[in-house]
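A short worksheet on the structure shown next.
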Amino acid sequence: MSQTLTHFDARGDAHMVDVSAKPETHRIGVAAGQITMQPETLAMIRDGAHRKGDVFGVARLAGIMAAKRTGELIPLCHPLPLTRVTVEFMVDEAANAVCCRATTETVGRTGVEMEALTAATVALLTIYDMCKAVDRAMTISEVRLLEKHGGKSGSWLADPAV
Amino acid sequence: MSQTLTHFDARGDAHMVDVSAKPETHRIGVAAGQITMQPETLAMIRDGAHRKGDVFGVARLAGIMAAKRTGELIPLCHPLPLTRVTVEFMVDEAANAVCCRATTETVGRTGVEMEALTAATVALLTIYDMCKAVDRAMTISEVRLLEKHGGKSGSWLADPAV
Amino acid sequence: MSQTLTHFDARGDAHMVDVSAKPETHRIGVAAGQITMQPETLAMIRDGAHRKGDVFGVARLAGIMAAKRTGELIPLCHPLPLTRVTVEFMVDEAANAVCCRATTETVGRTGVEMEALTAATVALLTIYDMCKAVDRAMTISEVRLLEKHGGKSGSWLADPAV
Amino acid sequence: MSQTLTHFDARGDAHMVDVSAKPETHRIGVAAGQITMQPETLAMIRDGAHRKGDVFGVARLAGIMAAKRTGELIPLCHPLPLTRVTVEFMVDEAANAVCCRATTETVGRTGVEMEALTAATVALLTIYDMCKAVDRAMTISEVRLLEKHGGKSGSWLADPAV
Amino acid sequence: MSQTLTHFDARGDAHMVDVSAKPETHRIGVAAGQITMQPETLAMIRDGAHRKGDVFGVARLAGIMAAKRTGELIPLCHPLPLTRVTVEFMVDEAANAVCCRATTETVGRTGVEMEALTAATVALLTIYDMCKAVDRAMTISEVRLLEKHGGKSGSWLADPAV
Amino acid sequence: MSQTLTHFDARGDAHMVDVSAKPETHRIGVAAGQITMQPETLAMIRDGAHRKGDVFGVARLAGIMAAKRTGELIPLCHPLPLTRVTVEFMVDEAANAVCCRATTETVGRTGVEMEALTAATVALLTIYDMCKAVDRAMTISEVRLLEKHGGKSGSWLADPAV
């Protein structure tokens, strides 16, 4: 690993990297994460999705809207006009967890990995917010990039063994 | 656990809970999280902090600024004028991880737990952004509330055994 | 009506009116509005609310989140920390319309009428956005204040005859 | 009308629709709306425009600036770099109303109808804000799309008879 | 001057200073600045203010709205609910300049100096934006605090001789 | 100078100018400014950069992040996806000043001069914020465009003699 951190210039000062000369290509980012909780909390969320009190509906929208504001939150991130955002949830009963998976796309000069990670993270934080009155010890973990496509470095897939 | 999710009304519709009648009290929230990476990535961050390319400096600011925007990101969160925000980092060599701890305070009608969690999460996402060119498999985990103080429910401390 | 427009000073220049000396009182604003559409569009929304594709759930969140950003949208509006926001929908079959009612509250130096009107309006615009692919001629109307409470001028109720 | 609501996927979950494969075309959106008021209020606005206290000037800017933030307000709207925004007002003495007309343009993968509707709506809400001290019963109505151009579906014009 | 920079803690890390224990007092900030230009540019602005093309009207609103967003722009600034904002302009024919003066007020735990400086600066930048097509060499200068009142340190007035 | 202010239409009403038909070209903007202070304040900043309390690091990030929000702050500015932002500081011991230079780039239909000016200005305001506890009389001046490239009007360079 002989590379250096590209977000700093030769003097060590932070900058927003120059991507002016890069071509616009179709970019995809996929990120995931999970939130672990008490079995009773998970039951309340799962029941609400079917009956009333749709935690997933609120958290999904929060994630989608946050993806659009990634450039405001992450200081050196380039602003990008997203062309697609999806946020999905899956209940993992064995792990007492809700798993979240976010996909973002654009046609642009840089990747949308941070947008996918931001969508997943804010969606999980929103689940925390909605359930914290009954379970303050919920924990968010396994937030990571699963896939990226497009750009000069092409496709990258997370090691499934991890 | 006979409680229900307070962010939904009797019909199951989401709402921003009424806190108009609550008194203003001094509120504190403390949250933590970590990001695990390759040893070489950790070395680059640690060295930069001393020499040039201050990843922690950028991530700390990102966390502080994100705390102020929590009410925009988390749909049912009350907007609050924060009176203090700190974001600290600690290198855990054994775990190949950077640990982040965020503290938020206000004098207000609701707690600042979400502000602390948002600060910690965005700070960790910013570390991911700055190092992703050399290590795409970094993983954020252990994002959780450590403490809260103030309000009717008083103080709460996370179980240290977890 | 011998009054003048308070948002302008003696020279006719716009300003954000001085409320520094006003006491903090409990303020409530209630606003309403409706969106008229084709009967088939209304049927799709109504069915979705029970089965899948919850237009009301998305529009409700959009209204709540917009209320928090009123001070950014309306140039001379004072920023206010809202203590409650609710957005409700009612289907008016006879009028082929969805009626929206938003309530906002704060403890502050100025009223929250604009916050209630902004919540109702953005909720209705979101319904338009979600259904525009099937019905571009939907029309938003009857957007008005229903009630306000608190502050020096006390309570005000819209004339029900209108 | 055999169409379904495109903002939901096959499971009924909200998403930001994929427009990655759509070509960039010149898009135009035109929207209108009006606000009805007491004759005395209308006189104050109209006089101010000539003498002092330019309500239209403030409302026009509010509408233009809101158009740029449409993607933040409407949850499933794609963010778009607008290439033109205009907001015009016309006094309708017979109806005791101010009529507003907003035009938005871009070169992009999706339409700018929501941007035009948001500009018109926020401009009208700003008129309400500036005159509410003298007339709380003002009502916003007739908010609708007048025209759209560009994209696969081409041009659409509102039925003038309505 | 034995003081240190309060925006850094004992380790030299940036933080948002703790003001939780400070009482809420009435705070006022007054800032000024000017923009120098070609005499022909100044004539266009001055004429427009009377006839058509109101540069001051647009710049004034931009300054007022920017004051409300100071906490988002200045990283370690506390968010504050402003209770008053005014932005005034004065033409200085001799200096070929427009002078701007902004006043901000709140009842809060920290001062509103940054809000006044931000209002004045963004107002002047807006004048630059509106006139840059005819005069790219305009220069903003003399941006400084004129007065502050309230808080533990009480009143401070800029040295008029400077 | 027979030109008129392009930000107003034929009636004198403000609008966001139509750039729909302009081609996308590589645009560069370079702006500068400075902040003058007491020699002791300058010493604290300069020492901190080497030891602890990195004022430049915080101000640089503030400028970069503000550049991304130019379209929200300057009312008639077109929103643009920036492809590069840098903010540099230089200490001018003789003038007791910190000089700031910001460079912005995009591939778009309008220029990025306002983005460069906004970055420089907010960076300087942040220096004021961080040092105001020890020196309230600091003054920002010489904020001006140095260069612009791209677009129909091509390159422009400020007169170095000024």
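Order as written gives the chain letters A, B, C, D, E and F; numbering starts at 1 within each chain.
Please note the rule applied: a contact is a pair of C-beta atoms (placed from the backbone, for glycine too) under 8 Å apart; a residue touches a chain by one contact, two chains touch by 3 or more.
In this text, all values refer to a predicted model and were calculated from it rather than measured experimentally.
In terms of the distance between Cα centroids, subunit B is separated most widely from D. Homomeric contact subunit A/subunit D: same residue numbering on both sides for under half of the interface positions.
Of the two chain pairs shown, C-E and C-D, the one joined by more C-beta contacts is C-D. One inter-chain figure worth recording: subunit E and subunit F are separated by 16 Å, centre to centre, where each centre is the mean of the chain's CA atoms.
Each chain gets a centre from the mean of its Cα atoms; for subunit A and subunit C, those two points are 31 Å apart.
Those residues of subunit D in touch with two or more other chains are numbered 13-14, 54, 57-58, 61, 65, 69, 72, 75-76, 81.
Every pair of chains that touch is listed here: A-B, A-C, A-D, A-F, B-C, B-E, B-F, C-D, C-E, D-E, D-F, E-F. For subunit E in complex with subunit C, the residues that touch the partner chain are 26, 56-57, 60-61, 64-65, 67-69, 81-88, 105-107.
Residue ranges on subunit B touching subunit C, taken from their complex, read 9, 13-20, 71-72, 75-76, 78-81, 108-109. Across the interface of their complex, subunit D is touched by residues 54, 57-58, 61, 65 of subunit E. Residues 1, 3-8, 11-14, 33, 38, 40-41, 44, 48, 51-55, 57-58, 61-62, 65-66, 69, 72-77, 113-114, 117-118, 121-122, 125-126, 128-134, 136-145, 148, 156, 158-159, 162 of subunit C touch subunit D in their complex.
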